[in-house]
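The following pair of complexes shares a single chain, chain A, combined with chain B in the former and chain C in the latter.
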Partner chain A sequence: MTLALYVPVASPVHRLPAGVKLLCLAALAVLLFARPTPAVAGAALVGTLVVGLGAARLPVAVLARQAWALRWFLLVLFVVHALTADVVSGAHTVLRLLTLVLAAAVVTATTRVSEMVRVVELLGAPLRLVGGRPERVGLLFAMALRFVPVLIERADRIRAAQAARGGAPRGLRALRTTVAPLLVQLLQMAHDVSEALDARGADDVPVRRPGGA
Partner chain B sequence: MKTRDLAYIALFAAVIAVLGTIPAIPVGPVPITAQTLGVMLAGAVLGARRGFLAVLLFLVLVAVGLPLLSGGRGGLAPFVGTSAGYLYSWPVAAFVIGWLTERSWDRYNVLRGTLVNVVGGIVVIYAVGVPVLKAVAGLTWGQALTGGALPFIPGDLFKAFAAAAIADVVRRSYPVIERPRRTATTR
Partner chain C sequence: MRFRRSPAATADTDVAEPGRGIELRGVGHRYGDRVVLEGIDLQLTEPRVGVIGANGSGKSTFARLLNGLVLPTQGQVLVDGLDTRTQVRAVRRRVGFVFQDPDAQIVHPTVAEDVAYGLENQGVPPDERAARVAEALERYGLAGHADHPAHLLSGGQKQLLAIAGVLVMQPARVVFDEPTTLLDLVNARRVAELIAGLEQQVVVVTHHLDLLDGFDRVLVVDGGRVVEDAPPGPAVAAYRTLAERR
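Let's look at the complex of A and B:
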């Protein structure tokens, strides 16, 4: 099992800068809604498949999984449109939605998480003008991902402790006896982590370069 | 913003991610998930600013390609699909809940908290989610409401109550929100 949805392939699409791919995706979304004709949506779907399966050489399963997840919804959508409007509008709406979702999946599958993070930092750069620190995005990412397994482990520990005392309370009472204390423990842990980070200099304001903002 | 605030923000992003591992109930275009409980908790426990940032951080983690949405969804696809509007509304919902919670902090109880969570977690989320669903799927208002709002109301009411009950205990044992001061606050 892989955590990220990135699919490593040596292809020109993978090598494109993440920003370019994101702009293409945005442009496609604008086009699909600004020129709402079945021909445009159909051409966009073919284009997306050519880029995703042809140029980027993604496994068919990567895109098929996205389409499969939408299957019932697309079917219902088509039927609703066919009954209330006509079959062409149903096919068009389904086509447009499928195209957008697949194009987004192509961008995600061909772009490393680290490159996306760089785009996020770039987008956050203007925050510097109002005293923000976009470089701390990396720290936030690291903490959030590290907290996920800690959280699961703490929840298991509380469950085990309650089982040892004759079974965990169920239903509404569990909110007060299990979930709330767990959250308090986690907040205390987050506080401890932040003190440990500060002790190691995480709160230091970086020296500003001359000429900087 | 102190390192402690960053740790709280990261923690609630993780809470929302873990709530995504609870199986979702598929009821049409938008699944019922436990993750909106996390969104409500972020606002009710952390307050407006940190709650907003925690949910935003979670969405950024999803957008950069981590499968953290319920059912292992992730990447950019959910942000252009039928549930896109609901996702965009989440940070706003956490902010509104946080703002209202801060203002009722001295008199907070489960009932008041539930009302706050209903306003932020139901009214705000539907107000953004339903129109986007209508546009993306080309539905009528009636169809969008039937598919994108009605099935969620019972679950969302329960989540609003649950988040308030949890936040009430946390408030008494480990308050994170500070009482809004009369003068300008600097942290």
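Let's look at the complex of A and C:
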């Protein structure tokens, strides 16, 4: 699994507010699609690498992992474009997407989840006007990041347990035989997690009403 | 200050009477029409209380009653005089709870962030929060791991993280439900030592009987009843006799 998580380095990029980094990322995405020229995409890729490897001093492996994870997707994209349009447009499309993925990886690797959560909460602030709780949206975001690896690990464990007893299903059948027990485990875990949230005071946060009353 | 305490929450702590400990009065619990606990009358004031018994005897349900995760279907549970039914928030602030499986209680992706979670809920200001998190990580041997993804920790480290996340909130009492069941011997011993060193009142449900060395009082639960209530020696002996008769 390739969740590019925070890579602790003391760099100016790390110190930038999360909101600023996310805004830059959004601006880059808009630029790449509003000005779809190879020159722009090439410059953006170089810029991303300079910021990520130079200014933020991230290990090459962190970014390489992201690119590697997408290799098949990018390859298919390239082939489809090459067949329906031409090779140059295929390369260009791949370049843009790769740049965006790497830029996103730079942002996640230089930003603590808690800061990201703060931005999500900030964006969710209007919810408060209708009695919603932005902290909950932030928590949801953090918990998604936390439990994806747990889920994958549980799925692996189920597959290993099946293999240990001679079952080695592949393809669709494997999906079916893994999903049912995984679902059972996840329901149990969801119950346990909700208890843990309660025990740690998830409900202790006094509800703030609009107007601060 | 991010969160304002409601007046009710302040009143809760005003009426607390710490000397009273944990009281169960005529407590019973049923899930649907299945009776899981019945006829429990206890006052727990000792610093170290153990709970042992067979699988399915009702230990976890008993433990969950103590901080209001489960409410009694009969009788009353009071913590420092606060009723878990009517003052559950105040009760949970006084009674921390550590579960068997750390994976289910670590809710943030990285170590320091998870420890901070409970403090955020309590509305502790950011500066104080950071200081308390750093101190907790140091104390529980996780100082080098502040920014590590939680899923890359070992089983023992995960349990230490789960415990740190509870203790950083400084509850007056802590309930542990089989905290060492999923750990190897080395990590189980670390957790046992950690528990032994706590200044809080501690209630521990366990199958690791050596965890109970030096405990003041051990309850043996069988078929939903407390069938023995004694110091560790006699209580463990009674538990063994019970098991042999099966």
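Quick notes
Just so we're on the same page, the second predicted complex is superposed on the first by the 130 of 213 C-alpha atoms of A that agree within 3 Å, B and C clash if a C-alpha of one lies under 4 Å from a C-alpha of the other, contacts with A are read in each partner's own complex, and residues count from 1 in each chain.
Rule of thumb we're sticking to: a residue touches a chain if its C-beta (ideal position, glycine included) is under 8 Å from a C-beta of that chain, and two chains touch if they have at least 3 such contacts.
Since we're looking at a predicted model, the values are computed, not measured.
By the touch criterion defined above, A:R136 lies against chain B but remains apart from chain C after alignment on the C-alpha atoms of chain A. Of the two partner chains, both chain B and chain C are touched by A:V113.
The partner that reaches more residues of chain A, of the two candidates chain B and chain C, is B. Of the two partner chains placed by the overlay, only chain B lies in contact with A:T93; chain C stays clear of it. In the overlay built on the shared chain, the residue A:V184 is in contact with chain B alone; chain C does not reach it.
Look at A:V193: by the touch rule set out above, it reaches both chain B and chain C. Once chain A of one complex is fitted onto chain A of the other, the partner contacts of A:A160 are absent, as it touches neither chain B nor chain C. In the superposed pair of complexes, A:G201 makes contact with chain C only, with no contact to chain B.
Touch criterion met: A:L5 reaches chain B and chain C at once. Within chain A, the residues touched by chain B in the first complex and by chain C in the second are 3, 5-6, 112-113, 139, 143, 145, 150, 189, 193, 195, 197-198, 202-203. The touching residues of chain B, when paired with chain A in their complex, are 2-4, 6-11, 13-15, 17-18, 26, 28-29, 41, 45, 57-58, 60-61, 63-67, 71, 73-77, 79-82, 135-140, 143, 162, 165-166, 169-170, 173-174, 176.
Within the complex, the chain A residues that touch chain C are 3, 5-6, 8, 112-114, 135, 139, 142-143, 145-146, 149-150, 153, 189, 192-193, 195-206, 208, 212.
Interface residues of chain A facing chain B in the complex, by the touch rule stated above, are 3-6, 22, 25, 29, 33, 66, 69-70, 72-73, 76-77, 80-81, 84, 89, 93, 97, 100-105, 107-109, 111-113, 116-117, 120, 136-137, 139-141, 143-145, 147-148, 150-152, 155, 172, 175-176, 179-181, 183-184, 186-191, 193-195, 197-198, 202-203.
Those residues of chain C that touch chain A in the shared complex are 3-6, 9, 64, 67, 69, 89, 92-93, 96-97, 99, 101, 103-110, 113-114, 116-118, 120-123, 146-147, 149-151, 165-166, 169.
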